[in-house]
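Pasting the structures here.
Two complexes are shown next, each including chain A; its partner changes from chain B in the first to chain C in the second.
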Partner chain A sequence: MNDDNMKEFAALELDKVIAASADMQQRWHDSIDAAAEREAATQYSTHRGFSPMSFFWGAAITAALAIGIGVAVFLADRPRSTETVDYVVQELPGSGLDRQATFSRALQVHLYDTQQSIATIPGNSAEERALLALQIVQQNRLFVQAAERHDADNLARVLRAFEPILLRLAADDIAPADADALRAQLAFEMKIMLTKLGRDSSNESHST
Partner chain B sequence: MHTRWNLICIAVSTLTFGVAGAQDNAARSEKEELQMMALEALMASPSERALPALLKLLDGDGSDELKESALFVLGQIEHPEAGKALLGYARDGQGETQLEAIRMLGINGSPETLGALPGIYANGNREVREAVLEAFLIADDTEGVFGIAMNATTADDYEDAVEILGAMGAHAELAKLREAKGISDALIEAYIISDNSTELHKLAMDSSNPGLQAEAIEAIGIVGGDGADAMLAEIYTKSADADIKEAALQGLLIGDYDEVVLRLYRASQDTAEKRELLQTLVIMDSPLAMEVIDAALAGDQ
Partner chain C sequence: MVAVLTSRKAPTQAEFHAAISSRADRWYSACLKITRNTDLAQDAVQDALLSAWQKRHQFDHCSRLDTWIHRIAINAALQLLRKTRPGVFEPLSDEIAAPAPTPEHAHADAQLGETLAAALTHLSDIERVCFVLRHLEQWRLAEIADYIDGNVGTVKQAIFRAVKKLRTHMAALQREAL
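The block that comes next holds the complex of A and B.
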């Protein structure tokens, strides 16, 4: 071994631990947490399963195609700021779906799906709750973009209104009772929106 | 089997007259559960039928949760009186009911309701002011938040508004604020939140305020993006200021740019600097740290 190099290496005094400042450490922790959440969210979204026994999912599979088509159409000209891994669906040739109706159906499935997800959020695991809530935020943002693109500003505002609640639900310092209240609030508001969308669709089909 | 109209009538009567015999706590809870179901059913009813029932419930002695739910339904009713009622609760309501009514104004998003928000903000406590900012966020009204930031009378109010502008990605309003109020910690945080690397790069080169310059340099590491690593390396190598160099190194650490740190390590002729750079690689838990150590032990460097 080269003596000069050994001296240079020894001069680095690697045995001396240089303590990082508290705020620096906090930033590392935040970065690590954020990275872990992103990683886990990616894994969750790619491994997300469903029960083939559920009647709803029979319809949902069909509707999921509509989501894919709808969201792909609505977002086609926009720069993508979020992952769209769940929505990468090829457009069916010659489908000729009405954009308004397609978006409405896609949104209904999103709301129904989100309702189901919220119901499955574990009450005793802050980590899992945060993970799922953040994943819903991500998907919700996609639909905000889609609503904006479709000039459905009223729906975009409602979807945006869900986000602060979801982010509160993702907070790690929230009491279980408060988390339950937020889940109940979201579930109720989504149910109301589903009723409204269903009513509007029904009115439109009767008027045509 | 009930028809839709039957269900609506039941919903209205449940909300208007309550459920007989619901006296004790358990029964009260059951009563509220029924009222919640009735609220859902009201959404399917004509607005002129639903409106009085909702207003009756909101003026009654139900729980906050029930009233918040009623406000959401009220917010979805397309009737001029519904908007007026929401405004009333947002201005004069109490506690959670007021906060929820303010949220509904954001969801409503009409010029009339949004136009009322600055006045509610000016007369409200901190919770009310936060709710107003959130309502502007929901309505995607960057001008409204900008107005609040411009007229903020306390540092906290200014910072809250700037943070919301960052969350809204309101680059134009943030630029106007910088021009009007100057650069600040809050603006740098807003640039981070809105991923505005362009402004951060400009600030990183502006030495007029070394403290904020250092913050902007670190922030480049947080935001990342194209050219962030090269810029941090350039700042690190060219700056003679120890604090700026330190900020650039922290930016590299936060951004996890271990290859850049390795290059700096290899280029350095200064033992103390080499030690700090190698320590940084170790802290980053980079495999390149072991590469350096192995190479040094093998006499390659």
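The block that comes next holds the complex of A and C.
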């Protein structure tokens, strides 16, 4: 107020500041939060379409795991050639256990890696969390198939039970607190499964 | 170098919240004096905040965030006023008078307070807007003329009438006080 007119009209309180009500201010704060959320959701869906670095690492991990599983399953199920029949016959008593042990070891590595990945998800990045959760879902499905082929129905059922939790973890609109709870639940169940697998393989090695 | 780069970043969500907490009253006051309507003033601030958020990457760090939003809020108030009352900035006639009070005016006047409301009641829409923009918001005459789609002469005339009416109103107040 540096104008002569305003000095002249000071008594009229023309420069009076009128307080905005608490409701109004809250509405304005909320509108900024809502705009920020909408923007983050838009950016997330755009990035989710294609993110070169995330795509590269995701594809690389999935491919490596798929190859590993494929090799393990192929080696375990490979029909023996006639030239090696004698050798195979000699190995027959232990072959079922070997196949089981190979699968069990691959599954343990998968669970251990998954456990580590879940523990290191950035808490504030919904995009990273969703991408990682979906990658784990893909890997998990491969292990479910492998478990079914090895007649490990219980194992397949437990692995299948991870999927709904992982899909919830991948949801865009999940609250950070809920995401933390789901991560904790997954970590707990994977730890139990790893302990059980470790105990089973230890029992097998002792029994042989 | 890092500090320079950091200072060039777009304003954050937290900075917007801080600006609302500290300056929302001033934005609302300015919009209320222009529109003389609480709903329009509230919507003007809301529109301004959303517009500022969307354009925050264009924010010039030479100015302050709250000042920038203030300016956008004034523009939003003018736009809303023009939208709800087409012809509000028509060129002045010699017989121009203050508009008849409406329920919206009564509600706004209750917030403005008796003294300020009584002063603004005596002004027509264009007189009030030109006076507020010139003397409270320190806009240049040419800027005001652009916004009301008029010329500098029209703006000067509106301000002259506003000042004259306010003087008359003040004289009446002083007589009452005596």
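To be clear about the criterion, the second predicted complex is superposed on the first by the 113 of 208 C-alpha atoms of A that agree within 3 Å, B and C clash if a C-alpha of one lies under 4 Å from a C-alpha of the other, contacts with A are read in each partner's own complex, and residues count from 1 in each chain.
Everything below uses one rule, namely that contacts are C-beta pairs under 8 Å (C-beta built on N, C-alpha and C of every residue); 3 or more make two chains touch, one makes a residue touch a chain.
Just so it is clear, the model here is predicted, and its values are computed rather than measured.
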* Please determine whether it is chain B or chain C that touches the greater number of chain A residues. => B
* In the superposed arrangement, which partner chain does A:L166 touch: chain B (first), chain C (second), both, or neither? -> neither
* May I ask you to decide whether A:E189 touches chain B, chain C, both, or neither, giving the answer as first, second, both or neither? => first
* In the superposed arrangement, does A:N154 touch chain B (first), chain C (second), both or neither? -> first
* After lining up the shared chain so the two structures overlap, which partner does A:R199 touch, if you call chain B first and chain C second: first, second, both or neither? -> first
* Between chain B (first) and chain C (second), which does A:A181 come into contact with in this model arrangement: first, second, both, or neither? -> first
* Asked: Which residues of chain A are in contact with chain B in one complex and with chain C in the other?
  -> 1, 5-6, 8-9, 11-14, 18, 20, 24, 27-28, 31
* Structure fact -> Residue set of chain C touching chain A in the complex reads 13, 16-17, 20-21, 24-29, 32-33, 42, 45-46, 49-50, 53-54, 111-113, 115-116, 119, 132, 135-136, 138, 163, 166-167, 169-170, 173
* Structure fact -> The answer for chain B against chain A in the complex is residues 36, 39-40, 43-44, 65, 68-69, 72-73, 76, 103, 106-109, 134, 137-140, 222, 250, 253-254, 256, 271, 274-276, 278-279, 282-283, 293, 296-301
* Asked: So in the complex, which bits of chain A are touching chain B?
  -> 1-2, 5-6, 8-9, 11-14, 18, 20, 24, 27-28, 31, 153-154, 156-158, 160-161, 164, 181, 184-185, 188-189, 191-193, 195-196, 199
* Contacting residues of chain A [partner chain C, same complex] -> 1, 3, 5-6, 8-9, 11-20, 24-25, 27-29, 31-33, 35-36
